[in-house]
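I'd like to ask you about the structure that follows.
In this document, chain identifiers A, B, C and D correspond to the written order of the chains, with residue numbering beginning at 1 in each.
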């Protein structure tokens, strides 16, 4: 333990990840409220019907929605419902489905998940276009899905136009677009775009609509904006081990977050906290913020010998040690006091 | 709607399944209590350490435990950590992993799940012994795991001796024993055996330790009684989409149920309710109870034309219409009032 | 080695299996003839076009045909082109795809291959009908294909009416029929039915048309009698590792066997040899032939202590030692001299 | 058809691919010779024992060898015998297992096949080293195998030192090295290295030893230079649909090619033909040969409008139209007359 005794008290909250936060009070209240009487399992309950209605309202469209347990599982069955094993997914080499899911989508689907170089964590048409010449030839896997993450794993956010360009390219070539929206709320507030514009109108076909990092306890939804793609999805979800038995407790959380735009308010708070953190550390000698935060993650370069002492004081994850870069994340639960304490600690450690 | 107006008011609880019940109050309290401050995700939290310690206490052995989301998922990664794709699982043709998981274990593992005839829902050595001659020959899948369900899908319960006999047979032939304990608590109280005797001493290698049907909200544990079998299980769990991010909320539930034997008290209640229900309907003309309930499910034969009216009044599932058989399940949440109302309704409909 | 010295000389041919035979002279000549000049790989060659035309002639229908390497591989890609991973295949518990392919079809497709009890090695509607109630419910795999073996693994042969009944049942319920025709030639000559009647008119959807056991060196064809089912089959074949590079050498064999009904003449010879062998041993004391051979395999019960000495003299496979049953197979290459010598040896060993 | 009438007669041989060639006369003779009497199937025959002995001789080591049907299948089961589904293979983004096998290795193994940028078609340590930090963390697939192609898909050849460096790196980090030797003979003669030095001593663990492109009809071998890695490989091969029934006909070909170094003489001829072709076209105006051929493929840049007319005259494959690059391949069967005619045609078309 290398922390000098004179450091300020660490923050009560954590900057390690937005999934280190607990659960929004409104979500907890919804769970308690849902624990009332019996309900048929596996989604044959009124809470699930209400959740689907809330999504149809949100998108003003007859979307299909299936909840799953977690983000990896939701990505798995969302993708699997679009793919044959001889087809492939194109995504960035930083994508969660490539890097952070222990190969789950590839194993379950049998399909190739082909990583291509990213630009600031985002997929560009130029990177996927060369794979189209594989179409029609049995020696090659057949590109079928472009998968993008919004917010990206690099903390960047696609504009509506960028998403629309990828969707147009995909559809013009017989492909589909899947969006991993583990932090979709943060992206919506970051761009200021309406969710209908960003997802439905831009042409996204299927997305994982993530709320766990935005205040839920568990449960991630797959939203089929083109409902016909959900035709067999119930079987795929079950087979992927993603059908919750007491489904009412997932649905109740989703409904609570969609109500009164709580999902957006939580995200707006998280994003604002990241921006304010960037401001607070901007003038700390030794801290370099290569780019302002677009959503709720702040990537920071530190003097390498200061990283470990700072982690020992208040843990966060390294991002790319070849660049001395670490990641600080904020969440719906981050407080101004957390920011002030954390910034003070950074200042103290770097001055140490 | 064919329900005559003179029927008594239906029960507030449901006899459809034990997963139609909500959550034990102690579990809900534990969830609220766990929502305190930040915690690293994916099991790097104190609640998870406490949960593992509780299991080691329970078994008085250095077991390994990995929580997953649901029962299908837990069966999948528990089995997958024991199997190569050219190996096979032998189980009854009524097993949940064969009948009720949409093929998830077979799809994920690539291994054959070979159903054999059951005797009262249970696996017997005689049914699996003929497959041993497949061992060593590349044309055949290689039997590797016997999987049994305790309580079985037919509501029957293996005695400790029956489990030990299967384990001895398996181990003598280089095989392992997996136990699907979706209702393990009900089985433990049904037999009166100590859980250490029934599972650890009898020789079970790996089990799904289910608590969702016993009062939890979600989250099923895989317990590796032979801890060396868990060597790579963390990778398998993640790949199966079964690693909860905010794991503290799963672990807190498990600990709450194991504390003060709540898991056994809940099950004892459920089993007692099934026994009492059997008594209450025993003399209703037209009701036939082929065998007394061993755990918390009651299989009943009814006049076929009465099944639908009774379901319309208070829903339950058909079991085997070729025998006019239905299933009534009780749970930790079933009340005496539920029983009295339900029995009254049965009496009224059958007299109608 | 327990063979007494006074035994007659063993046969030059083998009764172990029809795949212990070599290659028809006409096939070898075709291979030599095909080794003329260059040819594009992977089926873009005139020999392959000629092979497809030969099949269309044979069935007088616009069938699609894809050759593969071996029987297991052909079954795998034939089935895989019909199935989603959440669908299942129903077949007898003696089926080659269950017993003798090391789980290959299940592993590759991810689909459940569900064995049901056989009647004399054959599938009956009564055994599969109960699985139809699984249709439509996400908890269960969805039955999609009935797979039958013609000749069956028990040496029995489906009549045209039996095949038609299974096809009618399947189609009436939205299922398809796959036929493993590893010994299809033997079945055609055994029944005397026209191949068009037995397969096309009866309603088989897809079959493995096997010729290796009938005089070819290697290469098994998948014939899509409903050509629309082959829409994506080229990708499936390639992915299953079953696309031959120098495809001309497979195609040339098939064409050689289909020409002038060589495939039927070879099978007629093999079947006749089995019938004559049954006659030759019928009166040997200790030999019991439970049923006359329908195709080219003879199942025989022997005094158990005589099995090993007879195998040591001229090897064959045991079939079911619990019944003291062994299998003797004939092939296109079996000679009268082989029969006479083998029968003499049987007589000598059993008298010994 | 755009070919002008004054073009010279096209070559009798093809420059499309080395698998457009037929079969070496010695191989055909071996097939005819192997068609003598019966032989137990699946490798229980003397030809297979002789083949294994020939490989042990070749490597002067107790290697294990399993023959398969084709190159894709051999890569699949060779890799699958090294991998768990949560492990991964690192290879170049030009690798056959990534580009040309329709995703077969990934589908069958469930493992991620991760492409990394190549340098002249070859894998370098620098490209794979960054993935080592994934080791030990359940969120990431676990790198287990480096797979290289020798000759590479770009026609380049690894030196012995380059292979040894990759093997040393792999072994130092607990990884294995797989080598796709579809053209291993061409590589051995190209480098002049002894096959024992290049493969056994350099540290390759498992390789596909390809002979089909070198004069065989079919059948590719997997050689386990570390024989303990073959422990369960027979099951994997069978499950991958790669166990030939009449295995003697595969084994006989291999033995014929290994005898008297026919495999090396065939490759030496093919390589020499490529070198001579490069010389013949070097001074043709409009032809650009960016690099001399290392093995038996010549990559050539042509005026784009000349490519199609030249293909119409004597077919070959385009390689990278963005660079106007085509590929001409030679084989054991290429003749001087083929070269002279082809070069004359190139000259004529480009002058046209």
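One rule holds in what follows: a contact is a pair of C-beta atoms (placed from the backbone, for glycine too) under 8 Å apart; a residue touches a chain by one contact, two chains touch by 3 or more.
Since the structure is predicted, the reported quantities are computational estimates derived from the model, not experimental observations.
For the pair subunit B and subunit C, chains touching both partners: A, D. Chain centres computed from CA atoms place D at the largest separation from subunit B. The chain pair with the larger count of C-beta pairs in contact, out of C-D and A-D, is C-D. Computed from the mean C-alpha positions, the centre of subunit B lies at a distance of 52 Å from the centre of subunit D. Between the Cα centres of subunit C and subunit D there is a gap of 33 Å.
Here the spacing of subunit A and subunit D, counted between their Cα centres, is 42 Å. Counting partner chains per residue, subunit A shows two or more touched chains at residues 85-86, 101-103, 107, 110, 138-139, 235, 238-239, 243. Residues 42, 84-86, 110, 138-139, 142, 232, 234-239, 243 of subunit D are the ones that touch subunit B when the two sit in their complex. Those residues of subunit B that touch subunit C in the shared complex are 85-86, 88, 98-103, 106-107, 110-115, 138-141.
Residue ranges on subunit C touching subunit D, taken from their complex, read 12-14, 16-17, 19-23, 28, 31-32, 34-41, 68-73, 76, 101-104, 107-108, 212, 217-218, 235, 238-246, 249, 315, 333.
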